[in-house]
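Letters are used for the chains, namely A, B, C, D and E, taken in the order the chains are written, and counting of residues starts over at 1 for each.
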Amino acid sequence: MPEFVERGTLRTMIQACYLAIFAMSWDVLSGRTGYISFGHPFLIGIGAYSTAILSKKFGVPPEYSIPLAIVITMFGGLVVLLPALRIKGSYFALVTLAFMELMYQLVQVIRPDLTGGTRGITGIKSLTRGAEAGYELAVTLMLGVALGLWLLMRTRFGTALWAIGMDEDSVRGSGLSTTRLKTMAFLVSALVAGLGGAYYAHYTGSLAPRALFDIDFLFTIIVAALIGGAGTIIGPMFGAFFLIFLLEWLRPILPGAERYFVYGGVALILYMYQPKGLVAIAQSLRDRVRGDNYDHRA
Amino acid sequence: MTQILIQGMLLSGLYALIAMGFMLIFSIGRTLNLAYGAYLLVGGYVYFWLCQQMGLPQIVGFAGAVTAGVLMGLLKHRLIVKTLNGDHVAIEISTLILAVVLQAGVVLLFGDSSKILLPIVPGVVTVAGAQVTFNILTATLISWAVIIGLYLYISRTHTGRAMQAVSMDAKGAALSGVDPDRINLITWGISGGLGALGGVFFASYTQLYPGMWVAPLIISVAVVIVGGIGSILGTLVVAHIVGFMEVGVSSWSPELRGVFTMILIVAVLVLRPQGLFGREETH
Amino acid sequence: MLVLEIENLSAFYGKAQALREVSLTVNEGECIAIVGANGAGKSTLLDSIMGLVKTRGTVRLHGEDITGLRCAQIVKRGVGYAPERFNLFPHMTVRDNLLVGAFTARNEIAKNLDAVHRLFPRLAERENQETSTQSGGERQMVSLGRALMSSPNVLLVDEPTIGLAPKVCGELAKVLQRLSKEMGLTVIVTEQNANFAISLAERLYVLEGGRITAQGTAADLSKDDILAKSYFGA
Amino acid sequence: MTIALEVSHLVKRFGGLIATNDLSFTLNEGESLGLIGPNGAGKTTVFSQIMGELRQTSGTICYFGQDIGGLSTPERIAKGIGRTYQVPRPFSDLTVRENIRVGLMPDSLISMIFGRSDQSKENELGQSVGFSIRDLDKSASELAMGDLRKLELARTLATGARVLLLDEVFAGLTTGEISMISDLLKDLRRRGFTFLIVSHDLPAMEPLIDKAIAIERGTMIAEGVFSDVLANHDVRASYLGDTDVGS
Amino acid sequence: MKLRLGLIAGLSAGLLATTALADIKVGFIGSLSSDTGLSTLRGAQIAIDELNDAGGVMGQQVSMVTADTGEDVIEGVKAFEYLAESAEVDFIISGSIDDVSLGWMPRMQEYQIPTLDTWTSYIGIIDMVIEDPEVMAPYFMNIASDEALATLYINFGAEVLKAKMGFESVVILAEDTAFGQAITGLVTDALAPVAGIDVADVIVYDIGTVDFAPIFSKAQNSGADFIYQVSSVNSQVISSQYVKLQVPMAMTGVNVSALGMEYWEDTGGAGGGISTLSPVPSVGFPLDPVSQGFVDTYQSKYDTRPMIPHFNGFNAYHGLKQAMAAAEAAGGFSDVAAWNAEMLKQDLILEKDGQLWLRYGFWQHGEVEEVTGRTYPQNARFDLTSPYEDAQPSMVVIQWKEDGTVGVVYPFEYASTEFELPSWVK
């Protein structure tokens, strides 16, 4: 791929890969079990901040700081969000949203010497040099995550998560502890979020509370998963590439805020038109061409 | 102490007004309207445009803001809520997207920079060492008037009672001759109007800027979650808890202002999901 | 004079067909009962008349096709409905519950309220009580009262005796008879309690598995134990 | 004969309302017991208490001699009790096979993730309730009501249930479907499963049960052979009403 | 109306950017919807137009590509990547705010594209230049760093607040940002010992604060004579509430929103009485003929906000010409070391009435500034020692009057008005 496209396009693809990882992370929890998380930037932020602080302030090399960051994300997220799993529906979304806002406030106030306060942390060690290497790393990560999740979702565990999204009581009625299942889903989601967040921090080299714990960021993640197609692996990737490329293609034509206006409008219309996402649209197009009825769950 | 009391009362009145419209939709439409903050955004900017940029009288500004809010509410119900047919997750997410789109729209029309509204009623008086502007005093008094009016409307009029009825039992309401759909539409309109009005006051108290919809949304969420669904009294009480807490924390450690509100939301949701004053869901 | 005609009405709840080609007619001022076991489709039939369920077939009220109208419009045309689970507004007072019932008949509130209070003096006494704190019998009264507040000429009552003590059933039967005989309302009652239905209604329909399997006067149905057979088999 | 389920002096109060009033009965292994009563008598509440979805106010529930009052629903299911619901609740976007698979899953994350699903077991369970192998790959959302009942039975059997609590198994079925389910249940009885069945369709229930208990307003009013219970004056009155009402 | 204009402007700018076959490409990075971002963009655009009219640079025409940051760090990184890799610009002019500049800094180091920052003033970036001059060679900052803000203020405190007004103690109201922390530290460390003013209390507030009433109460209760305000984010809120609440103390300090002409409009007229430090050229600051010419062009070309360029507009206008001059001398932008060397030599002297008025130059490596005793390589050169003979004064104190006018109150050499208390302060 690097041979065929411009370097600028590669950069866009890198962004899309990371967004795809975040969207897949969101989807494992929210797209499958139906527990909508409005706090995913919270998890991603923990991962990003952990590795940034460890490598920048304590000199831990990235090969240790990234795994540590992932563990911290899983642990921190678990401690905080486990009680939230008792709550259903909109309330779950709100608790997670509150956590994100809380984190936004706390990062700036608590130990600004470590977190860099509002200004954030800059000069985080880069793992790669140049667009090609960055692209290879990002694509490898994305495909690795996608493959891992795909394998996991093919297991009975994946089926059970789906089932929770359809009827949690019936899953319990089948003798399964849904709390344990949800916790596991959450851990997997946190793992992917922590991983994505940590690598992303090393890729951008900078992070700031306003860029991470932010409703716009949350919006991008959720919209990527949803307009791509929730509950699938390919959907969030599809959605992430669609959104990021839409934004970049709009940049030369509409350089300013108009871009977000158009972009948000497109997202809203797409979502309203087909809540199952682009994957479903592509599917129905293909079905129409082929004229058959193919079971399409990926 | 007196200062905290006075300032707490004033801020809380404003918060109660802001939260009221959100509560209506949450308890009657059973919908989490994440674009609620956008009513405040649009209300504030419409008022700014009419009064401060066009130089029209204040009453025109208020009328324009409230009309814009009501229209937005009605359109949102028709175009999003009805289209998505009660799918709560889809509505929440669509409203979130809508709020972000509206924010981009405001940036497009008015730019990024903050704007301050002229005081609606200029002047200031010092009470017990606390400065009280006539502006915020007016805002608080009007808040109270609107809240009382809303309370009377809901408890005394046919439409108001029908709104309560729909929130408690939609089927029961339908077979009493109430069209839940129409009541929902009216509720969305009122909510939009209240939000826009709250937006004018909120902006005249603070500032106008494209991201201003987030803070009031979070406050509304806090108030309604902690107060519990469907309780005007709960909304009022909790608006005061949040307001006093903010003022109290501000005078103790101002940089922690928002932290406690978030902790309150989380704690209440985890420990008592129906809210401090709410009832257990009947269904 | 036909008030209500139902022709080939079928209704579905998702996959389950709850009504199968039901046809029946009701004359003005008549009191009829629809009897059947739990799950036979009685509530669905009434819900279908009120436009609360997706249906196939026709419902005519005073000769006018009301199929596909919204519930509120049907109420406006003079049909009152007291559903099985009451669907009251639990955190509103008795009075407010009744006033919601008057949504489509705001000019006749005083008259209707007076009539309801005469029928159920207890509701006048407990005007300011929240219905969530009331007993089943009282809720039944509020439910009937609320239906009457819309000035109906047709009253649908779903399973009024569920969970009620026999004594209360007796009082209820009297009230329903008064509504029909003295006030000229057309009353349609569904019942599992067949004897209650027989004591009340001039004509009965037997509903089994979503179908009308028998119909006639109480005397007709008492012969051969048709009702008992519909419940208990041979 | 071993007693599979023993319910003694079960009481459930909701506020002032008594939903279950001092109810006691036993169910022997391999036996089938019908639980009848008019609408609102409290049959489903009894089920919920046996499954642990509702906690009883007082009284005990013993399963093969062990008091299961303190166990959670999944623990009771693991012991071998299963129930079906009045309205079937399939996982509609999953296939029939996957629905059965959820029932078959052990409550262990490790084996859920690393273990393999047992296709032959799935086939066997599916076929045992009358699905063809081809049906197993249908989406549950495409099934008709009778098939949904079958699916729910298969999923419950998959959890390893030996004692099955069936709530209104015939509701919403056509006559053809009723006889299909009825045959299926007869077959399961022959294979030694224990049943507690609730149905309003008393004639359809008749061939499926050994004995019956009738309850009204949470209180037992009759117990014994089905035909005797049906002939009982109180039972008839509970359905048909007292003959002196309204006179 | 404005929407349509904006769209057309955006579309045509986009088309121009993609179709014009220019040989030298300048990239703009900054917010396209903020006044400060637009100041830089327009300042640079006017400079480019003038250069092109005069025949271009090295015989080539100059064109501009814009990349919006939306004042978001991650968007800033993407914007820099876009300029470097998709638009492949030769030189970047930045109107980014501090944290956005910090965000794209690693990209700048990676791509080594000559970059001039006109708004970011974070001293930490100058420290990066000192630490690693080679990798930071493409970076220049032509606004005085944060430190200059506070140092001039000490003199203002001693000569005006203490000597003229008789103020003895101060309460600091600072936002909880790195900027707030830095300025607070400088004021507390220097104001007390040098100017002889006691710090009664330091109150740090959350930048999301919308209700300053309790905070002003707290400030009043501290018993101090005046308030020193440090706010860069949402600073209209604190200043307008100060006016609306008629807080009976003087308030001065650093109020970033008060640095532009739009301040009066944005506060709806609730902004009088506030005084703030401002980098020059500032609102209320008399201009030399060249800079005045720039303002005239600006105002005739753009009749929307910002009404006159902020100081970073001047920095962009003069700085872009310096960067092009350096490139001409160095044979283009590609040899970064050569360009850096030529850039350091740039020294633009602007005279008014035959006297040195403004000077756009840069500190050399190793050149020590006397007051702070440290170096500021590749940063705008200024002089803290009176009588400001060899450089621009870098900072002035301006005050907004209650009638909406604004003027310089300190240093006295540049003063156009006098420092006074708001009418409600007795």
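In this section, a contact is a pair of C-beta atoms (placed from the backbone, for glycine too) under 8 Å apart; a residue touches a chain by one contact, two chains touch by 3 or more.
Note that the structure is predicted; figures quoted are calculated from it, not measured.
Q: Any chance you could name the chains that touch chain B and chain C both?
A: Of all the chains present, none is in contact with both chain B and chain C.
Q: Which chain's centre, taken as the mean of its Cα atoms, is farthest from the centre of chain A?
A: C
Q: Weigh A-E against A-B on C-beta contact pairs and write down the one with more.
A: Between the two chain pairs, A-E has more contacting C-beta pairs.
Q: If I average the CA coordinates per chain, which chain comes out farthest from chain B?
A: D
Q: Express in whole angstrom the distance between the two chain centres, defined as the mean CA positions of chain C and chain D.
A: That pair's centroid distance is 32 Å.
Q: How many angstrom between the C-alpha centroids of chain D and chain A?
A: Roughly 43 Å separates the two chain centres.
Q: When the C-alpha atoms of chain B and chain E are each averaged to a single point, how far apart are the two points in Å?
A: 37
Q: Averaging over Cα atoms per chain, report the distance between chain C and chain E in Å.
A: Going by mean C-alpha positions, chain C sits 78 Å from chain E.
Q: Taking each residue of chain C in turn, which ones touch at least two of the other chains?
A: none
Q: So which stretches of chain D touch two or more other chains?
A: Touching at least two other chains: none.
Q: Quick one: which residues in chain A touch 2 or more of the other chains?
A: Residues 105, 108-109, 216, 256-258, 260 of chain A each touch two or more of the other chains.
Q: Just spell out which pairs of chains touch, all of them.
A: Per the contact definition above, the touching pairs are A-B, A-D, A-E, B-C, B-E, C-D.
Q: With touch defined as at the start, can you tell me which chain B residues reach chain C in the complex?
A: On the chain B side, the touching residues are 155, 158, 161-162, 164-165, 168-169, 171-179, 181-182, 230, 279, 282.
Q: If we count contacts the way the header does, which residues on chain D are in touch with chain C in the complex?
A: 16, 38-40, 143-145, 148, 168, 171-172, 174-175, 200-203, 206, 217, 230, 236-237, 239-243, 245-247
Q: Which residues of chain D touch chain A once you look at their complex with the stated criterion?
A: For chain D paired with chain A, touching residues are 51, 73-74, 77-78, 82-83, 85, 89-95, 98, 101-103, 105, 107, 109, 112-115, 117, 137, 139, 155, 158-160.
Q: Tell me, which parts of chain B touch chain E in their complex?
A: Chain B reaches chain E through residues 3-4, 7, 10-11, 52, 107-109, 111-119, 122, 124, 129-131, 133, 135-136, 202, 205-207, 209, 215, 246-247, 250-251, 254-258.
Q: Show which residues of chain B lie in contact with chain A when the two form their complex.
A: 32, 80, 83-84, 87-90, 92-94, 96-98, 100-101, 103-105, 107-108, 112, 214, 218, 221-222, 225, 255-256, 258-259, 262-263, 265-266, 269-270, 273
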